[in-house]
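Okay, so chain A shows up in both of these, paired with chain B first and chain C after.
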Partner chain A sequence: MSFRAGPRKGENYELSQDLNSEYRDKRKDAIKRVIASMTVGKDVSGLFPDVLKNMQTDDLEQKKLVYLYLMNYAKTQPELVILAVNTFVKDSDDPNPLVRALAIRTMGMLRAEKIIDYVSDPLQKCLRDDNPYVRKTAALCVAKLYDLKPELVLENGFLEQLHDMVSDSNPMVVANTVAALSDIHASVTSQPDHSPDDPAIFNVTTSILNKLLIALNECSEWGRVAILGALARYKTEDEKEREHICERVIPQFQHVNGSVVLAAVKVIMIHMRGIRREDLLKQFVRKMAPPLVTLLSSPPEVQWVALRNINLLLQKRSDLLQNEMRVFFCKYNDPLYVKVEKLDIMVRLASDNNVDALLSELKEYASEVDVDFVRKSIKAIGQTAIKIDSAAERCVNVLLDLIATRVSYVVQEAMVVMKDIFRKYPATYEGIIPTLCANLDELDEPEAKASLIWIIGEYASRIDNADELLNMFVDTFTEESYPVQLQTLTAVVKLFLKKPDVSQGLVQRILNTATKDCDSPDVRDRAYIYWRLLSSDPAAAKGVVLAQRPPISLSRTTVSPALLEELLSEIGTLASVYHKPAETFIGRGRVGADSVQRKGLDLVDDQLATQKALQTVAAGQQSENLLDFDDVLASDSQPSGLAATTIIPQTPAAANLLAGTSANPLDDLVSIFGGGGMTGTPSAPQNPLGELSFGGDNGFGSPINSVPPSQLGASSVTSPVQTQKPQDDLLGLF
Partner chain B sequence: MAIDGLIILDGAGRPIVQTSFQSTSPAYPLIHIDAYNNALTKVSRPEDVDPVLYVAGISNDKPSACCHVGCGDLRLLCPVSGDVDPLFALAFIRTFIDILQEYLGHVSASTLRDNFDVVYQLLEETLDSGGHPLTTSPNALRDIVIPPSLLNKLLSVAGANISSLSAASSNPFASPIPWRKANLRHNSNEIYFDVVEELRAIVGRNGVSLSSDVSGKINTNCKLSGTPDLLLTFTNSKLLTDCSFHPCVRLPRWSKDKCLSFVPPDGHFILQEYRYSPSSTSHPSALGVNQVPIPIMLKPSVMVNETGGTIDVTVTSRLTTRAIEDFSLELYLGQGAGAPNFMVSAGGSWAFDPRSLILRWEMATVPASSSHTFRGSWISSVPHPRSAHAFRTKFAIQGHTFSALKIDQLRLSGETYKPYKGVRGRSLVDVEWRW
Partner chain C sequence: MASLIAILDLKGKPLILRTYRDDVPTSYIERFMPLVLDLEEEGQQVTPCFSREGVNYMHIRHSNLYLLALSKRNSNVAEIIIFLHRLVSVLTEYFKELEEESIRDNFVIIYELMDEMMDFGYPQTTESKILQEYITQESHKLEVQVRPPMAVTNAVSWRTEGIRYRKNEVFLDVIESVNLLVNANGNVVRSEILGAVKMKCYLSGMPELRLGLNDKVMFETTGRTSRGKAIEMEDVKFHQCVRLSRFENDRTISFIPPDGEFELMSYRLSTPVKPLIWVEAAVESHKGSRIEYMVKCKAQFKRRSTANNVEIYVPVPDDADSPKFRASTGSVQYAPDKSCFVWKIKQLGGAREFLMRAHFGLPSVRADQDAEKRAPITVKFEIPYFTVSGIQVRYLKIVEKSGYQALPWVRYITQNGDDYSLRTAIEKSSAPSVPM
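And then the complex of A and B:
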C-alpha cells in the first residue's frame, strides 16, 4: 500500500508517532512494539523509514532491535536496506567490538545483491580486528559471502586470509574459521563439475592438522564438533599418524555434550580403519563403549540417536558392549521409539550367557499395554530362537505361555513367529502343533492365518485331522485375503501329496475354486501350475512342493557390508541414524544400489563378487522382460503400472531360470512356490542383495525392522522381488 | 549447512518465535511446523513422536529433517538439511533451553512473549544464520545480552538508559579463558558443590532388581573473584567411572591422579558427570551385575479382573536415619478406567488423572524405617482392562549419595583470599516395580 499515505490513526500510526518521539525511552519502547508486531506476522514494513532513524544510537540493545527489523525486511524490500548501508559501514568501525561484530554479522545475513559490494571493505578490516569476537564473527561472514557471490571472496583474497586464520591464537577463532572453510568446501564439492584444484577446496594439511589438534581441547563444544568434522576428512599418510590422531581425539569422549562424543567416535571409526595393531583397535573399541552407554541416561531424544548409532557399531563390532545388555532393558515409560531400538540391540547382544535374562524381559514386554511394542517383543523372541540354537526350546516355551494368555494379538503374533521357528528347526517341535491348532478360531489376521496354514500343510502327515482343518479354510476360500489363499492352496497340495487317499476331493475342489472364482492372478497362476504338475507328473510335483527349503538365519547386519562401512564413517550424522546413505535423503540426485556398491569397492575388496551377482540378476531380469513383455518393458528395468503387478510375482525364479544361474530349475520353482510364499526372504546372510533390500524397504524414519525371517503374509508375495531388485527399493523410497 | 534455524511452538502448535531462515522459500519453516503437528496427531502420547522427523521438500526442494525437543508446554524445532548430526541440533536445542531458563527463570509461552526482545537477542547471539551455534556459554552471553531483571524494568520505567550503563563490558571476549569473564569481583568469595546422584532401576516380580544404574553430576555454583585455580580432590574417586567433564577441567591431571584441576566459570555449571558402578570395585556377580540397594521396599499386590481391579501396595523405607522426600507412585490403569476409590495411610494423598489415566500416590515425607500402605479399587468400562504392569516410584533423599563420594579438599591458588566452601549431597531415585 505504498501509493497512499498511511492512515492517520491505528496501531501503525501510533507506532510511527512514538518512533519519532523526542524521548529516548519512548522510541525504544516503540521499536520493541514494532518487533512484537513483526513476530506475530503483522506488516510493519511501512514503518521502515521511521525505524531506520533510530539506527544511530549508543544504546546497543536498541541497535540490535533495529538490526533485527532490517534483517527481516531485507529479503522483501532490499531497496530500502540500501538506505542503511552507510550506518552499517560506519558501525563496523565503532570502538565497541560488539557493535563491530553486530554490523558485520548483519551485513552477512542481508542477502541482498545490492549490499554485497559494500561488504568487502568492512569485512577486510574485521578479519584483522584485534578482538577475537569480531574476528570469529567475520570468519563466518566469509562463508556466507561465498554462498552469495564466490567471485567476490576470491578477488578479495578472503580465502587466503581464512587459511591464515587457522593459526589464530584464539581457539574459538580457529574453530569458526574451520567451520567457514568447511562450509565453503561443502558448497564447492556439492557442485557436480567442480575441479579438484578449486582454491575453495579445503584440504586439511599436516600443518593444519597440528593446529586443529591443539585448538580442539580449548574451544567450545560447537567448535569442537566443527574441528572434529575437519579431522574426519583428513587423509592420513601412515599408520603412525592415524594412531596419533586417534589418541589425541579419544579424550573428547569425556565431553559432556553428546554431539562432541559422537563426532569423536566418527573420527576414530574413520582413522581406525587403517590401523592394523589389534591391541590398539581393541583398546579404542573398549573406550568407545562407555561414553555411548552414558548417553543412555540422557533425555530420550539423545538416547534414540545414541541407540541408532550403537546399533550400527554393533553390526561392525559385535564385541562392543558384550556384557552390558541390562543397560538396554526397556522401562515402561520409555517412548516407543526408544523401546523399539533397545529391543533390536538386545537381540543383537543375545548370547548363550544372557539369553535367560533376555527371554524373561521379552516375556515381560509381551504383557505391556502398547500393541506395537508387544508385537515387536514377540518377534524378538522368534529372532532369539533363530539366533541361538540352544535357546530355541526355551523360546518356544515362552511363546506357548504367551499363546495361553489368549490375548488375540499376542496369539496371532506368536503364531507368525512359531512358523519361523518351525522353518528353522524342522521336525523338532511337532508336539506343540495341537496347541497351535486349538487357537485356530482366534486368528483373524492374514499373516497369522497364513502361518498356521503353512504349519498345517508342512506337517500334514503328522496331524490326524489336517484335512478337516484345511477343509474349513477351503470353505471360506474366496473370502480370505490373497496370502491366506496362496497358503491354503499350497497346504492342500502338500496334504494331497502326503495323504492322497483322504484329500482327493479337497484338492480337486480348491484347484477348481482357485482357478475359476479367484480374482488374484497370483493365486490363479499358482493353482494352474499345481494342477499341471499334479496331472502330468505327480513325482515332479512332489519334488517341487515338498522340496527341502533353504535354511533361514538371522542376518547379522541390517544393511549391506558396503553400506555399513559408509555409514560407520558417517557416525553421528543423519545417515547413520536413518541407516541409509546420505544421498537418499539430502537429494543430491537419486541413488541406486549399484552406486552404493561402487562406494563399497573402495572399502571392501570382496565386493567385486557382489557386483557380479547383481549384474547377473539384472541381466536375468532383463531377459525375462524381453521374453515376456517384448516391447514396452524391454529397456525399462523398473516395471510400472499394470505390467508390474503381473511381472512381479514371477520374476525371481523365472529370471534365474532364464539367466541359467541355477543348475536345477526345480529348485527355483521351489523357492518361489513351495517356499516363496512362506519364507519371506529366503536369503542366506551372505547374499548381499537380500541385505540391501533391508536397507531399502524400511520406511524413512520409522524404526528399522531387521526381521528377515518373519516377512510374511501380505509382504510374502512381493518379498522375492525385493531381493531381486534392491535398486528399485532405494529409488522408490523417495 | 548445519542447523537451519530454530522455531519455538506454543502448546497449540503455533509458532511464537523463530529465527530468520536463510532458505529462499518462506514456506520452509512452515512445512516443518506442519510436519511436527501432523506427527503429533498420529501418536497417543506426545512424547512418542520420533525425535527426528523426515520432512519432504516442497516441489523440487531437497528434503530435510526436523529435530525437536519439548520443554514444558513448548516445543522447540530445529530444521536441518544436509547430512548433519541430529544430536548436534538436539544438543543445541537443549543448550538453548538452558539459556532461556537462566535468563527467564520459568520458560513458558507467556514469559517468552513478555521478554521477546531478550529471546530474540539470545537467538541472534547463539545461532548464526549459517547454522553455526555461536556463543552459548552463559558467562560470555551475559556480557552481550543483558538479562531482564526487575531492576532493569524499574529503571527503564523511570526513564534511565540502563542498557548503555550495564553493557559496560566494552571489551567482551577479551578474557583469555573463554568460559570465564575477566576481572570478576565478588564481595564474598564462595563456591558450592551439589552432588546429585540419580538411581534408575527396574525391579522384577520377585523383588530382585533387574537393572540399575547410578549416574551422578556435580552441580557447582561459583562466586570467586579474579582467576582462581582450583584443585579438588576426592577421598574415593576410584568409584567413579565413565566420567565426563566441563571443558574447564584439565583432563591429563584427572587421568594421572583423579584430581580435578580447573579454573571455574562464574555462576552455575556442571563440573562433572559420572556413573557409579559398584561392580567396578569388586567381582561382578554371576549375573554380571552388582546392585546398588534400593532404599525402599515395595510389596505390590494387584488384581485385575474383567470389570476393574484392586491394588494393595505397601512401601517400607529401608533407610534408618534419613527421611525420603517427595515420594510419588504412579500406575497407568488402562483404557476405560474410572471410579477410583483408594485409601492411603497418614501423610499421603492420591489422585487420578482421567485424561492420562494415571493413578498417583504422593507423600511429602516418608520417615526413616516407616511403612505406608495404599489400597483400593477401580472400575473399568472396558472389559479386561490392560493396565501397566509396572509401578513407577520417584523420590529424593537429601544429604545422601549412593557412591558416598567425599570431597577431601579444595585448594585454591592464584588468588590470595580464602573462599567459603559448601558441599551438599542429594539422591534422586526413579524405580520401576513390576507386578
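And then the complex of A and C:
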C-alpha cells in the first residue's frame, strides 16, 4: 500500500498491525485504542486506511467507533473518504433503522467536499423512510447539508420536502423538521445581503401554525423548545389569533424543563404585544410568575439564566412578581454570580410594603465575608434609599450602623452611597455629616474620598471646620488620584463661594497647584475655567458652581425601550442573558449606528443615531447600572446621551468621541463641544445651564447621572433658547 | 444550539469532546480556562456564560469537572445549560459517579451517548431509561442487533410497549422539602415547601393513570367541596408524560407513566411554615482563649410524629481546637473540614426539647479579626408519615386494556430542603433574645 508511509515501529505501527489482524476481537480492540488515542489528542490520522477497512461490520458498536473516527479525520484525509462512501450508501439501506440513521447522521458530519455529492441519494430515501427515527435524523441532515453546500439542497428539492414534513404524523419528526428549517433560516438571515424572498427563509404560515400547535403538546421537551421558537416568529394577523396562540402555549409553563418554560414565556411576551384586553394581559402575567419563581430551585447556572431573564421581564412588566421579593433572598451557599443578580432584582421589587424586610437582609449581607458581595449589598441599600423616599431615613440609619463597624471597605462603600443619598435628598441628613467626617482618615479609595470631599464642598457653609478638612486634601493634592483632585478643586471653589473670608488663601493655593503642578489636562482645564470664572464674574461663578442640580432617580430600565423590546423577543437566548443585542457579540463587527437605526428607531438625524447607538451599547455593558435616569425616556423618545458619555463605551465611535478622556464627563462634554457639537443641529434644549453646572456632580464616574431634559450638551450650547447671563459667560469661555 | 461540547478537568484540559458543527474549532476549548482565570484576576465574576471574540462559552460545574459548550450564534442558552445538566444526570445514571476516572474508563460509551443525545447541536433524546435500552455497556451479540426503541420517536417517548409484570403495583412517595431561613432575631424571613411526587411503577402494558390530589384550585373549578383541608399549590411541574393541556383545562393529572422509577410532578408552596425543628445557639466567645456554645433544639411538630436522622451543623471559627462536648441526647462530632460541629440525633420525638454544650479552645494570636465568617446553622432531618402542606393523594386510578387490578401504595415524608438555615446572632453579644 503506497499511501501508508508511517514508521515501521511505535504505537501507530502496532495499532495498524492490529487493525489488520485476522481476529475480529483484536481488530475491535485496536479501534478502541485508536479512539482512546484520539481522545487524549494524539494524532492518529495516519491510520485512516486501516480503520476504514473495519467499517463493514455487523457489530454496531464497532461501526459507531469507525464512524466517529471518520468524522474526526475526514477533513484531513479528504481523498480517502471517498473509499467510505460505498459503505455509507449501503448502510443507509440497512434493514436496521438504527444503522440507517447512523449512516445518514454521520455522512452529514463528514464535511468533505468529495463525499457531499453522494449524500443526496441516500438522504432522499431517508427523508421518506418508514421509520420516524430515520426521518427525524434525515431532517437535520438537510440542515447540515445546507450549511456545507446550499445549492445542493435547493437543486434536490430538499427544502420543499422539509416543508412537507412539517405535516408529518410523528411529532418528533415535526420538531426536528422545524429545527432544521429554523436553522437554515437563521443562517440565511444572518447574511447581510440576503433577499427577502430567498427560498430558504422559513415563514411560519397559518397552516404551519396549526400543525405546530398540535405537535407542541405531543413531542419531547427539546422538540417543544424548537416548536416554541418557531411560534415566536409567527406574524399574527389579528388579536384573536394572538390570544389563541397565547392560550395554547400557556400550559407549557407547567413543563418541568426550564428551557421549555422560558421558550413559552418568550412566545407569550411577543404575542402579548398586540393584545389590548387588560384582563387577559393581567392573567398572562399572573400565570407567568409562579413558573419563573420555580426556576430559582434549579441548579445555580440555570438560576442565573433565569435571573437575567427575570430582570428583563421586570423592566417591562413591573407588576410581575411584585409580592415575591422574599424568594430572591440570597442563600448562604449561592454562588456570587447568583447573589449579585438577586440583589439587583430585590431592589427592583422593593416597595413600601417590603422595604423593612429588604433592609434587614441587606444589612445581613453587608456583614458577610465576600468583599465584592458586601459592597454590592451596600450599593443596594443606597439604591433602595433613592427609590423609596419614605424609606430613605431607615436606609441612612442602616448605613450609619455599617459605618460604625469601622470595617474599611464597608465604610468606604457606605460613603459613596451616602453621597448619592445627599444628592437625592439635599439638606435632609446634614446631622450625620460629622459622623462621616470622623471617618476621613480611614478612606483610601479614590471614589470614597471623592464622595466625602463632594459632601464637604456641598455643605461647606454648615461645616464649621470645612476649610481645615479641605486643607488636608489640598496639602496632599498632587499625590491624589485625578477624580479626587477634581473633587477637591470643586469643593474648595464651592467653599470659597460660600465662605469667601476663610478660604481666600486656600482657593489661591489650589488653583495655583492645579494649573501648575498637575499633569492631568482635565484637572488643569477645570482649574483654568474656575479661575477665569472667579476672576471675571463671581456672580456667574456662583450661578454655575452652586447651580441647582437636577434630581436623580432610580431607573426602571437599564436598556433603551427599543432594545428592551428586542431582548424580550430573545428570551432564553444569549442576548437575553448578556442584555445586549446579538450583533454585538456574534462576531460580525460591533454594533454600529446604522444597524441600530435599522431596528426601526425613530431617529431624526445621524448625530442622534450615533448617540443612541452609544447609549445602547453602554447601557448594555453597564447592566448593573440601576441608577439611571428615566424621565427622559418617559417624556420623549430622545436618546439619553449622557448615560452613554459618562460611561466609557467600547465602540469605535465612542472611542473617537471620547478620545483620551478620563472618567470625567465634563471632559466628555468638552470633547463633544470640540467635535461635531458646534455645528450640531439645534434640538430644542430646555435647560442647558443645568447640564453645564461644573459642580462636578458627575465627576465620580458613579452610576448616578443627572436628569437633564436635554442630554446633548453640544447642541444645547449652540442653540441658546433660554438665554441666561451666566450661560453667555460660559459660552464666552469656549 | 451548541457547536461543540466538551468535558474538562479542573485545569481546563479536555477529557472528551464532541464537535457537532464546524464553525468553532476545537482549539477554542483550550482558551476557556485562561479566560476564566483572566476574569477572576480582573475581579469580575465568572458567570455561566460569557463571550469572547465572537465565541460564546457556556459551562456548568459538576464536582471536579467543567462541562463546556461553545457556540458562535445567539444560541438558546437555557436549552444548552439544561442540556449539560441532563448530560451529567444521564452519565451519572450510567456510571454511578461522574468523574475523571469514570470518563476515561467509559469513553466509548460516552461518545455513543453524545452522538445520540445531540445532533447538529440540537438536543435529541435525554431520557436515560430509553437510552439504556439501545446503548448498553455490554457490547451487543452479533446475531441480535439492537434497534431504536419505538419510544425514541413515539408520542409516548418515555415508555416501550409490551412491558409485563406478574404483579401490577404502583408506589407513590410524596416528599416535601422545607427550605427556611430564620434570622438572628428568631423570625422566619423566608420559607417554602418544595414537594415532589415520585413513583415506582411496575405495571404491564400501556396503562392510563389518573391522580387525584386535594388540590384547592381543582375543587374550586369543579365546584366540589372538599372534605377536610385542600391545599393551594403555587406552581406545579410535571414529568413530560402528563398531559399539560388537560391539567390547564380541568386540573386533571392524567398520564401514561414511564416504567420503573421517576418523578411524576413537583410543586411549590410559599405558605409560611413554622420551623419544624428549631435550633438556637448561645455563643460565648473569649477572644484568644476559648469559645463556648449552648445549643437548644426543639421539635415543633405533633407528639405522634418523630424526626429521624436529625443532624444539626453549628459553625465554629476555622481555628477552633480541642473540642469538648456534652449533650443530653445523641452524639456530637467536630468536623474541622467544614468548620463546624455536628450534633446527630437518631430519633427526635415531637414536642421534645434537648440541650447540648460545646467548648473549644482558640489560638491566642489571631491573624485578622474582621474576616469572620458567620455561616448559619443548618439542619438535616426526615419526618416520615407527615407532610407540612397537608397534601393528600385522594385516588390513583389505573386503567389498562387488559383490565388488570393494580394497587397503589402511598407514603409521605417531610425533610429538610437544600437551604434550611438559622442565622446566628453576632458573637460576643451572647446570642439570642430568648432566655435559656
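By definition in this document, the second predicted complex is superposed on the first by the 581 of 734 C-alpha atoms of A that agree within 3 Å, B and C clash if a C-alpha of one lies under 4 Å from a C-alpha of the other, contacts with A are read in each partner's own complex, and residues count from 1 in each chain.
Going forward, contacts are C-beta pairs under 8 Å (C-beta built on N, C-alpha and C of every residue); 3 or more make two chains touch, one makes a residue touch a chain.
Worth saying up front: this structure is predicted, and the values here are computed from it rather than measured.
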item	value
Clash-or-fit label for the pair chain B, chain C on chain A	clash
Which of chain B and chain C A:Gly258 touches, first, second, both or neither	both
Partner chain(s) touched by A:Leu60 [first = chain B, second = chain C, both, neither]	both
First, second, both or neither for A:Ser503, with chain B first and chain C second	neither
Contacts of A:Glu221 with chain B and chain C, given as first, second, both or neither	both
Which superposed partner A:Asp25 touches (first chain B, second chain C, both, neither)	first
Partner chain in contact with A:Ile250 - chain B first, chain C second, else both or neither	second
Partner chain in contact with A:Val340 - chain B first, chain C second, else both or neither	second
First (chain B), second (chain C), both or neither touched by A:Thr490	neither
First, second, both or neither for A:Asn96, with chain B first and chain C second	both
Overlapping contact positions on chain A, where the chain C interface meets the chain B interface	32, 35-36, 39, 58-61, 64-65, 68, 71-72, 96-98, 105, 108-109, 111, 131-133, 137, 140, 143-144, 147, 171-172, 176, 179, 183, 186, 217-222, 225-226, 251, 254-259, 262-263, 290-291, 293-294, 297, 299-302, 304-306, 326-327, 329, 331-333, 336-337, 357, 360-361, 364, 367-369, 570, 572-575, 577-578, 582, 585-588
For the chain A and chain B complex, residues of the former touching the latter	23-25, 32, 35-36, 39, 58-62, 64-65, 68, 71-72, 95-98, 105, 108-109, 111, 131-133, 137, 140, 143-144, 147, 171-172, 176, 179, 182-183, 186-187, 217-222, 225-226, 251, 253-259, 261-263, 290-291, 293-294, 297, 299-302, 304-306, 323, 326-327, 329, 331-333, 335-337, 353-354, 357, 360-361, 364, 367-369, 570, 572-575, 577-578, 582, 585-588, 700-702, 734
Interface residues, chain A side, partner chain C - complex	32, 35-36, 39, 41, 58-61, 64-65, 68, 71-72, 96-99, 101, 105, 108-109, 111, 131-133, 136-137, 140, 143-144, 147, 170-173, 176, 179, 183, 186, 190, 217-222, 225-226, 229, 248, 250-252, 254-259, 262-263, 290-291, 293-294, 297, 299-302, 304-306, 309, 324, 326-327, 329, 331-333, 336-337, 340, 357, 360-361, 364, 367-369, 372, 407, 570, 572-578, 582, 585-588
Chain B to chain A touching residues, read off their complex	1, 16-17, 20, 22, 43, 45, 47-48, 50-54, 57, 61-63, 65, 67-69, 80-88, 90-92, 94, 116-117, 120-121, 124, 128-130, 132-137, 144, 146, 156, 159, 161, 163-164, 167, 170-174, 178, 198, 200, 202, 204, 210-211, 213, 215, 241-247, 251, 270, 273, 275, 284, 287-289, 332, 334, 386-390, 392, 432, 434
Residues of chain C touching chain A in the complex	1, 14-16, 19-22, 43, 45-49, 51, 53-56, 58-61, 71-79, 81-85, 107-108, 111-112, 115, 119-120, 122-126, 134, 139-140, 142, 145-148, 152-155, 157, 181, 183-184, 189-190, 192, 194, 234-240, 242-245, 247-248, 263, 266, 268, 270, 370-376, 419, 421, 423, 426
